[in-house]
Amino acid sequence: MSEPQVAIRPPHVAVIGESDPHGPDAQRLLDWAEEAGLLLARSGATVVTGGLGGVMQAASRGASLAGGMTIGILPGADAAEANPYVRQAIPTGLGVARNLVVVTAADAVLAIGGRHGTLSEIGLALRQGREVVTLSSWRIDSDQRMGGPRVHRTRDPREAAALTLRLARAGAESP
Amino acid sequence: MSEPQVAIRPPHVAVIGESDPHGPDAQRLLDWAEEAGLLLARSGATVVTGGLGGVMQAASRGASLAGGMTIGILPGADAAEANPYVRQAIPTGLGVARNLVVVTAADAVLAIGGRHGTLSEIGLALRQGREVVTLSSWRIDSDQRMGGPRVHRTRDPREAAALTLRLARAGAESP
Amino acid sequence: MSEPQVAIRPPHVAVIGESDPHGPDAQRLLDWAEEAGLLLARSGATVVTGGLGGVMQAASRGASLAGGMTIGILPGADAAEANPYVRQAIPTGLGVARNLVVVTAADAVLAIGGRHGTLSEIGLALRQGREVVTLSSWRIDSDQRMGGPRVHRTRDPREAAALTLRLARAGAESP
Amino acid sequence: MSEPQVAIRPPHVAVIGESDPHGPDAQRLLDWAEEAGLLLARSGATVVTGGLGGVMQAASRGASLAGGMTIGILPGADAAEANPYVRQAIPTGLGVARNLVVVTAADAVLAIGGRHGTLSEIGLALRQGREVVTLSSWRIDSDQRMGGPRVHRTRDPREAAALTLRLARAGAESP
């Protein structure tokens, strides 16, 4: 039997956002998440999400449309919680603490909209040394001027996907 | 043998910030943390921190000066990591995930300065439904206008301690 | 203002077991847990539990009868979950992962009865380098002969408390 | 654009054991892990491990030889920690708490040898309702007679893989 092929790891991008966006912007956020997921997967990235609905499902669906790999890091203990576009469901049993895993499993993070869970993921991503790209999401600044250059606002999913992918590639090379 | 007395829980306030602040503001942040810790303990609050140095130690020291209870939720597995003003050291072995415990263990959170770890704690606190008071710390806003009223900027430790204590009391009553 | 007194940490003992024991042995397990808690507290130990009912409550109640400190590391996010004999409630929001914190927060662990959650805590305690004393609980052996001397079976709460306390003191000195 | 194909999830089996087995049995454990990984993957299972060396690497290597999917749930924050036979590396940043994720991400668990970390994973697996198969690993019994039928000892990797796969299929159907 021949030697198995050693895996080469594609860049991993976490797309984070609400499981149930509402308000006037909700549909736009979902459309953006699907487009970003599709663009990321088309460029060869693996799309990591929290595995549930809303922005997570839209991003996974977009990536699936492009035939890409999608990973869902679930808060509960049951893989059946995952949305249907998650190819690798990882039930964690961690509840809120799974937010740490979502961003640590990625080389860079794209936040689309989002509420407090998303804010916690942005903070944890920065804490773990990951770059964060935002699209109609949180604006973070510091009275201590220490926010630095690691949160990047973008205006549309094309710009967001391209920038996140570039940062993920750089992050994967020098962790 | 008589019935043991049932415990009444004082409000718990987490004071979060850097373990090693530097730059021109460092000493002011430490002074503020000590004063806030002292004022909180004098008002009967238990002061929860991450148990390490810098702002955590200063807040614990202030609370100790007032004879208050101090809890340190440590990232490592060894109680000896705690600063000397922690009365109850809780080694967790959780690493970064201990940030979730620090804020969940509190009824309200006071952030003094702080870098990315502190930002992650602010996000996790909001995710867990805790109110957050800031003092020369992160400014958080949302392109989705959903930041809401749960992050409160203050200008000095007196105002910060009073507001955090009030919010902790309200939070402890209606979790 | 004078220098605050530096805290001296008493030995911390985790008492672990079921939140709702049933079957013919249930009352005996609860009685044993209360007696062990009382003996531990009388000897100056802090009693750490998972903060809920059953064995956790009985051990906390015993320690309270002796006027001792009791810490409850809760799985949920609400301090009101704690049984009434917990003096320091630490809501973690971690779910099952709080089991790691219960044993890491202790210098030695006493298991009284218990089901699968207790078994996970025994395993995690050993993984974290803590000694484990058992009382009508799990029997653990290895086909690899590596269980070693760190799980100690005892026959009554007096023997159990004395041994756990001795191991906790040794553990606290050389972590 | 056509509708993306909805993913069908293969059974997930966690293979757990030491990262650095030693002693006279070490090579046999590694050989067994590789054979079990190969047999599991051949039958269509995804092999989940903790992603590091030793038994984890051997099981991943075996699965790779059969062209199967391998997932590595890493304790650290860097995907480069993964052994070369992990196709999906999930850095978690959780340290020891990642043990909970390894077993929760699986439908059934196969323990091959192993020390205290493995014992903690067996306990956590049972706590999460997963069946556990052992091969020259821990023997677990209870003074309370509650160990029940969920830990199954086997004698060789062929029996172990077949039984774990059957239990994983049953577990995945009725979580």
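Chains: A, B, C and D, in written order; residue numbering restarts at 1 for each.
By definition in this document, a contact is a pair of C-beta atoms (placed from the backbone, for glycine too) under 8 Å apart; a residue touches a chain by one contact, two chains touch by 3 or more.
Keep in mind that what you see is a predicted model, and the values were worked out from it rather than measured.
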item	value
Both-way neighbours, i.e. chains that touch chain B and touch chain A	C, D
Farthest-lying chain, centroid of Cα atoms versus that of chain B	D
Contact-richer chain pair (by C-beta pairs counted) among A-C and A-D	A-D
Approximate Å spacing (C-alpha centroids) for the pair chain A, chain C	39
Cα-centroid distance, chain A relative to chain D, in whole angstrom	27
Multi-chain contact sites of chain D, meaning residues that touch two or more partners	93-94, 96-97, 100, 128
Interface residues, chain C side, partner chain B - complex	1, 4-7, 9, 12, 46, 61, 64-65, 69-71, 73, 77-80, 84-94, 97, 100-101, 104-105, 107, 128-129, 172, 175
Residue ranges of chain C in contact with chain A within the complex	93-97
Chain C - residues contacting chain D, complex	23, 25, 96-97, 99-100, 113-117, 119-124, 126-128, 134, 136-144, 146-147
